[in-house]
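Below are two complexes that have chain A in common, paired first with chain B and then with chain C.
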Partner chain A sequence: MNKKTDVLIIGAGLSGLMAAAKAAESGKKVTVAAKGMGSLSLSSGCIDLWGYDIDDPQQVCPNPLAQIARLGEVNREHPYTKVADVLEESLRCFQGITARYGCDYRDNGGANWLLPTAVGTFRPSFLAPPSMAVKDLDKAKRIVIAGYEELKDFYPEVMAANLARNGNLPESVNIAVVKLRCAWKKLYATTLAHRLEQAEGIKEAVDQIKPHVVSGTVVLFPPVLGERLDIDVAARLSAALGAPVYEVANIPPALPGQRLQQLLLKHLRNMGVDVIIGCTFTGAKTEGNRCLQVTAEGAGKTFTFAAQTYVLATGAFVGGGLDSRIGAVREMIFDLPVCTLEKWASGEFLSMNGHGFNRFGIAVNDRLQPLDEAGQVCLENVRITGANLAGANGPIEKCGNGVALASGYKAGKLAGEVPS
Partner chain B sequence: MVTERVQVVVIGGGATGTGILRDLAMRGLSALLVEQGDLAHGTSSRFHGLLHSGGRYAVKDKEAAKECIEENLLLRRLAPDCIEPTGGLFAQLPSDDPAYAETWVKACAEAGIETKELDVGALIQKYPVLSPKITRAYSVPDAAVDGFRMLWSNVNSARRYGAKMANYSKLTAIHQTNGRISGVELTNTLTGEARQIECDMVINAAGAWAGEVTTLAGLDVSIIKDKGTLLAFNHRLTNQVVNRLRPPGDADIFVPHGTITLLGTTSVSVDDPNSFKTTDKEVQDMLAVGREMMPRIDDYRIIRAFAGVRPLYQANKGAGGRAVTRNFALIDHEQRDGLTGLISIVGGKFTTFRLMAEKTVDLAAKKLGNNTPCRTKEEPLSAPQSAEMLERGKKVFGVPGAKKAAERLGEGFAKVVAEAEQDRAKRRMFCECEMVSAAEIEYVADDDDSKTLSDIRRRTRMGMGTCQGIFCSYRTLGAMSDHKQFTVTHREFLAEFLQNRWRGVRAVLWGQQLREAQLSSEIFCTLFGMERMK
Partner chain C sequence: MSQDRHLILDNCIKCNICVANCPVVKVTDQYAGPKQNGPDLERFRLDEPAAVHPSISYCSNCKTCDFVCPSGVNVATMNCKAKGEYVALNGAPLRDQVLGRVEWICKAAQIAPSIVNWAAGVGPFRAMGEAFFGVAADMPFPRFASKTFLQQFQPKKIANPKGKVLYYPGCYVNYYTPEVGLALAKVLAHNGIEMVVDDFNCCGLPTVSNGLMDAAKAYGVSNLEKLNRYIQDGYAVVTTCPSCNLMLRQEYHELFDMDTTLVTENTYDAFEYLVLLHEKGQLDTQLKALPRRYGYHQPCHLRAVGYGVPSQEILQLIPDLQVLPLDAGCCGLSGSYGFKKEKYPISREIGQNIVRAVEDTGVKQAVTECGMCQLQVNHVTGLPVVHPIELLAEAYGL
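Now for the complex of A and B:
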């Protein structure tokens, strides 16, 4: 099957979906094709921009935008330096889209939020959905951590033990653990989320939590407050309990990320974007430094896609955009040169330097076009976004979703400017 | 300070030491086993887990080959829950000397090892992973053995006969009076506390550390420390052990274990018995040899690389590595050095641990005036699980979960099943790769022998499967909260646990394993900020 489109986005993660949203605004015919549903569901669901101070990486960064503006001085290869010009407008665009679908991602007045996680650490993040944007935890009189007995991946006692140790909470705050029972036999995050969308699920939880709520209580939940975007479980619980209820970041499956993905997909549908999931890309046909078409297999068919602009948003190793053998790394569709480092990994898993492999990726110019070793553009109608980009140390810098959002936006914007 | 008294102190919680403890106890001698770390933290858990048929040694070391086949057949009967009778095969490639096959078949026959020539075409059809170039192949009675389980079975059986065990206890002094052993000093490696034990005899079964032990008595036993590196594949490549039909060399044995396969090993002389580090070159060299037997080996995922140190003994120094005999030696220090009450048992291999124990305890018992004969050839190590208990287990843990738990837990299984029947939350599988339930983790955590969280990992296998602990390490935090003996913080626990896994993973960081590593850093750093956790 041959498909023609103006803009082909390969990959359905945050950067791909943002690229599609922005390119669609310009009136282009946009297609998103991806192998799977992208790794947004593995992420927290928040937009982390820049977590810690450049000069003192133990200190939480008070003003991420100002720090990123300085990044060019200290790390010229960082992907943020290629997208700094659109960073703020990309955030506004994202907030505009999410607000339109009733899930307005909130900033903290230009500062990082410090949001609690399931292990009781606090993660710096720039934008958070309402269900996660915990306000004034340090002013709470009582923190109730509610967890379900049979839910495998949330241990309220663990969170309680570490909250006080890791946060700047006053000694007077009272941290209580409530272990909830659920009438259902098998409890997974998704089944629980579904139950909490029903009135009886809410009632079941409220009946058990209510006795622990006093004035000044904040209730923290695992990230299971509903599967669907249009049912605001956190708000329903808050109203019934008379206390604010938030969900905290936890290991996958994490529903806030899935909800964000749904939101963006819904937006793309409304914008007339064609989305094809289940497409495994097998290669590209190029001529000189232009890509003519890419091929894919899916549903027993072979597809060829021809487009003006191709956006490579396939992610790194987890996403499947990059693969490796001993001593060699490959980009899977265009066979673009991948920047690697001699040292792939640190000796300590939790090293503050992070691991070399997280920085691997494709070098680009300011227009997000891929570069070869000599700094020449390899394919001028291909743009690279998100985790495909070289030079970010996401797990340590806390910038993964921020880089994805801004680079996706920029790629979409550039694609929209290409004359038909 | 309280001074305790036993007749015999055994140093070294490996296969030999635990085998000796059991034998001593069964003959009515009071004994204490001393281990510096957890049971099997040394060589007995850092090998390829092959219960040798003896085929590997048949040509060069007939004595060793005979011992292997005899012990192999015995242990299958005595400890069926520790052994998977996979069978093995020896296969020859065009680059191997074709004349070796005849020599080998003859030598096997002389050692009592049953071999049968196989139809190569049918063999390759059965295991397409094998090289189509194989010229000849023979079956042998090799098997896979779970070292850790075997050791615990020994200790549990010994305890039923009144023996004692002290793990995390390092031998810090050997006391002697007038040329006679009078006792030992132990230091708890977790608390630093010292403990004095009076005894008539010390048996040194410390394996690669045996030289360190005799040094404390002012004597010299020279152990050749020979490091072997192993690779763990996340697949069962074949259902049988695969050996190369040629004189023993590096990377020529594949052993299936549960769902994985181990490829081993190298042979490098080292100075330190704690040399567990693997190098990139060792890994790549091994793969190069492994590829000859299984050409598509690179398509399979490798989950980790690790190393162990073989304690080899050569009475007259000079030889090294593969030239040194795999046979064992019993050293009577009374005879050799004039120190009464010290015996060293050195060299040997896992497969013959029971025999080594028997010979050692024969000598020890004679010296202590005990005439009870050895019974470890007759008495099984543990009673089989009852069918009724297995049925109950299946209801709470499912069929594969119950089977695995029953094998791991032995007598503890009944208790774990009962707990899970009572409390639904305890049926949760904390480790999905190895099917370890919350109830099992709680049970092991409650045990006095579990002093660190790594002990829980070793005894349950939690975190040792495909995901290498990404999810279950976090889940175990939940189990920790109720067990105050684990004094570490959650940060320390996770850091230690993840680092232990990382050591092995880092050596094989490509393909699917690199993907997993990136996912781990996403979870523990991006999501949880563990690198900055307090």
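Now for the complex of A and C:
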């Protein structure tokens, strides 16, 4: 079977979905096809742009956009330098989409948010969904951390102890832990989210938290406040408790990332984008420096996709876009040259310099077209986005979703400009 | 232990994406989840097959875990095998043994379909069925047709056919909705394709879902042998049921390590076959307008084969027909799963996504390929549901 489309986006992570959203605005026929569901559903749900100061990595970066603007001087190979022209535009577009579906991602007036995590640390992030955008935690009189006995992977006592240590909170703040009990025997984040969408789940939580709420209380929850976009669990809890309720970032399966994924997929559906999950891409047919078609497999059978523009949004090692053997790294579909470094990994697991392999990826020009070692465009109708791009060190720079968002947006915009 | 099982297991990076997307985990605390029952316990099962968690029976075999996994781990297959191991060790309740053997039920019911239909709808009988056998009283049974598809089908001789098709109707079409098979026969004949049928066993998927692996394997052996003969004679195998399709082209191989090369390559969903025909310019596109709106529900087992929705591509050719994707995920029934007393509430709760999607889109009728999904969509929403091939036949004026 040969599927034809104008824009084929391979990969369903943030950059792929963003590319699809932007390309669909141009009226092109857009298809998103991916092997799995995309790691967006496993992410924090926040959009990190740039976490720490370039000159002083111990300091949280006060103004991410200004720092990114400086990358052109200090790190020309960073993917942000290829998308600097659309960065702010892409953020506005993203905020516009999320607002349309009732989950308006908020910025902190140009500064990073410092959002509490499940282990009581603070993570710098640029955009946060309303349920996570904790404002003025240090002005709270009392912080109630609510955890469930039956929920694995969230320990409110740990969070409370570390919050007291890390939070720069005034001594007068009272941090209380409430261990809730649930009528269900055991809970995953998703199970709890479903329960909290029901009236009895809310009541169960409110009854147990209410006695701990005094004036000036902020309630922090694990990221389990509902799965559905049409029910605002945080707002319901907040109204019933008479105190603001926020969810904190935690390990997967956390719900904010899932809600964002669901929101973007819903938007794509409304834009008429075709989304196919579960097909594995195995190769491409090229002629000169153009891709003619890519091949995919589903249930053991091979089929092909032909498009005007292909967007490679398959991610790096975790997403399966890149594969490594000893001494070699391969891009799995187009066999594009991958930039590597002499030193793949640091000897120290948690090194603040980061690991080399995180910077591996495909070199591109300003139009996100892949380049060979000589700097020539390998495939002119292929655009590279997100974690497939070389030069970023996401875990250290805290820029993964920012690069994904801006590069996806740019790839979608460029694909939309291709004459039919 | 085989090296293969090790390799695929080691691909699991514990990212939890299967748990995050599992429709069953979300609505119940009875199921330990696809990761724990799948790759986590598989490690122990490599040495000790008895290391199966009893909650495995709560897996509905929707295969969501398989297709969301970015690392290519076949979580659902591990779960199916584990369920088989559990049943082999502990036995299956009589109810599961009966529900799994759909073919037996259907054959038995053929003695007097109308009496069976009547009895299946009588409240007190259903209450007794629930009390004594654990079959949910509130889940309506599908209605047996008075004559099976195989009894009704008349092969049509086509001069110089453009293709030869062996139709595998599956139990659902043969016994419950023969009109689907008859619509396919008309559509194929109209497009100059010769269609033949034969008497096959149940594909075996319901037996697999109930952990009755030996029975499933026996069905597989018998079906494959017959299918291979037809394929060697130049026939393409066509199905209208996504579950049969998945079973024939993937599961016999994955679960039982059978050689399905020929069948995998030559088995098509009916609309996949029609798309191929369309690509060759051989599909008649003179279709009359059907000015209606339908909500489309994608069956899990169609999604699991990973080629999108071929019926959408063909239905788009019908003027004025609007088919809106409901995109609500699993309908919750999962074959015999939703008929089990203890699973019915789970099944119904999962199905609420469909209810909401129907409210959102405001559709008054629905379309989906899978017979059991049709039953559930109708059960939870009350909407009439058809198979897409019936719409195509209608648009051809057949």
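In this text, the second predicted complex is superposed on the first by the 417 of 420 C-alpha atoms of A that agree within 3 Å, B and C clash if a C-alpha of one lies under 4 Å from a C-alpha of the other, contacts with A are read in each partner's own complex, and residues count from 1 in each chain.
In the analysis below, a contact is a pair of C-beta atoms (placed from the backbone, for glycine too) under 8 Å apart; a residue touches a chain by one contact, two chains touch by 3 or more.
Bear in mind the structure is a predicted one, so any value in this text is a computation, not a measurement.
Asker: Fit or clash for chain B plus chain C once both are placed on chain A?
Answerer: fit
Asker: Could you look at A:42 and tell me whether it touches chain B, chain C, both or neither (first, second, both, neither)?
Answerer: It touches chain B and chain C both.
Asker: So, A:252: does it touch chain B (first), chain C (second), both, or neither?
Answerer: A:252 sits against chain B and chain C alike.
Asker: Contact-wise, after the overlay, does A:396 reach chain B, chain C, both or neither (first, second, both, neither)?
Answerer: Only chain B is touched by A:396; chain C is not.
Asker: Contact-wise, after the overlay, does A:127 reach chain B, chain C, both or neither (first, second, both, neither)?
Answerer: neither
Asker: State whether A:194 touches chain B only (first), chain C only (second), both chains, or neither.
Answerer: second
Asker: To make sure I follow: the centres are taken over C-alpha atoms, the vertex is chain A, the ends are chain B and chain C. What is that angle to the nearest 10 degrees?
Answerer: 80
Asker: Quick one: is A:277 in contact with chain B, with chain C, with both, or with neither? Answer first, second, both or neither.
Answerer: Only chain C; A:277 stays clear of chain B.
Asker: What is the contact status of A:301 with respect to chain B (first) and chain C (second): first, second, both, or neither?
Answerer: A:301 sits against chain C, while chain B stays out of touch.
Asker: Between chain B (first) and chain C (second), which does A:224 come into contact with in this model arrangement: first, second, both, or neither?
Answerer: neither
Asker: Using the superposition on chain A described above, determine whether A:186 touches chain B (first), chain C (second), both, or neither.
Answerer: After superposition on chain A, A:186 lies in contact with chain C alone.
Asker: Report the closest approach of chain B and chain C over their C-alpha atoms in the superposed model, as a whole number of Å.
Answerer: Once the two complexes are overlaid, chain B and chain C approach no closer than 5 Å between C-alpha atoms.
Asker: Please identify the positions on chain A that touch both chain B and chain C, taking each partner from its own complex.
Answerer: In chain A, positions 42, 150, 252, 318, 320 sit in both the chain B and chain C interfaces.
Asker: Name, in rising order, each residue of chain C that touches chain A in their complex.
Answerer: Counting only chain C, the residues touching chain A are 13, 15-17, 19-22, 25-29, 33, 66-72, 246, 249-250, 253, 260, 264-265, 272, 275-276, 279, 303-308, 310, 325, 327, 356.
Asker: Which chain B residues qualify as touching chain A in the complex?
Answerer: 284, 287, 298, 424-425, 428-430, 470-471, 474-475, 477-478, 480-481, 489-491, 495, 498-499, 501-502, 506, 509-511, 514-515, 517-534
Asker: What part of chain A is in contact with chain C in the complex they form?
Answerer: That would be residues 1-3, 33, 35-39, 41-42, 150, 184-191, 193-194, 227, 230, 252-253, 258, 265-266, 269, 274, 276-280, 296-301, 303, 315, 318-320 of chain A.
Asker: Quick check: in the complex, which residue numbers of chain A touch chain B?
Answerer: 42-44, 48, 51-52, 58, 117-123, 149-150, 152-153, 155, 157-158, 161-162, 165-166, 249-252, 254, 316-318, 320, 323-327, 344-345, 347-352, 354-355, 357-358, 394-396, 398, 400
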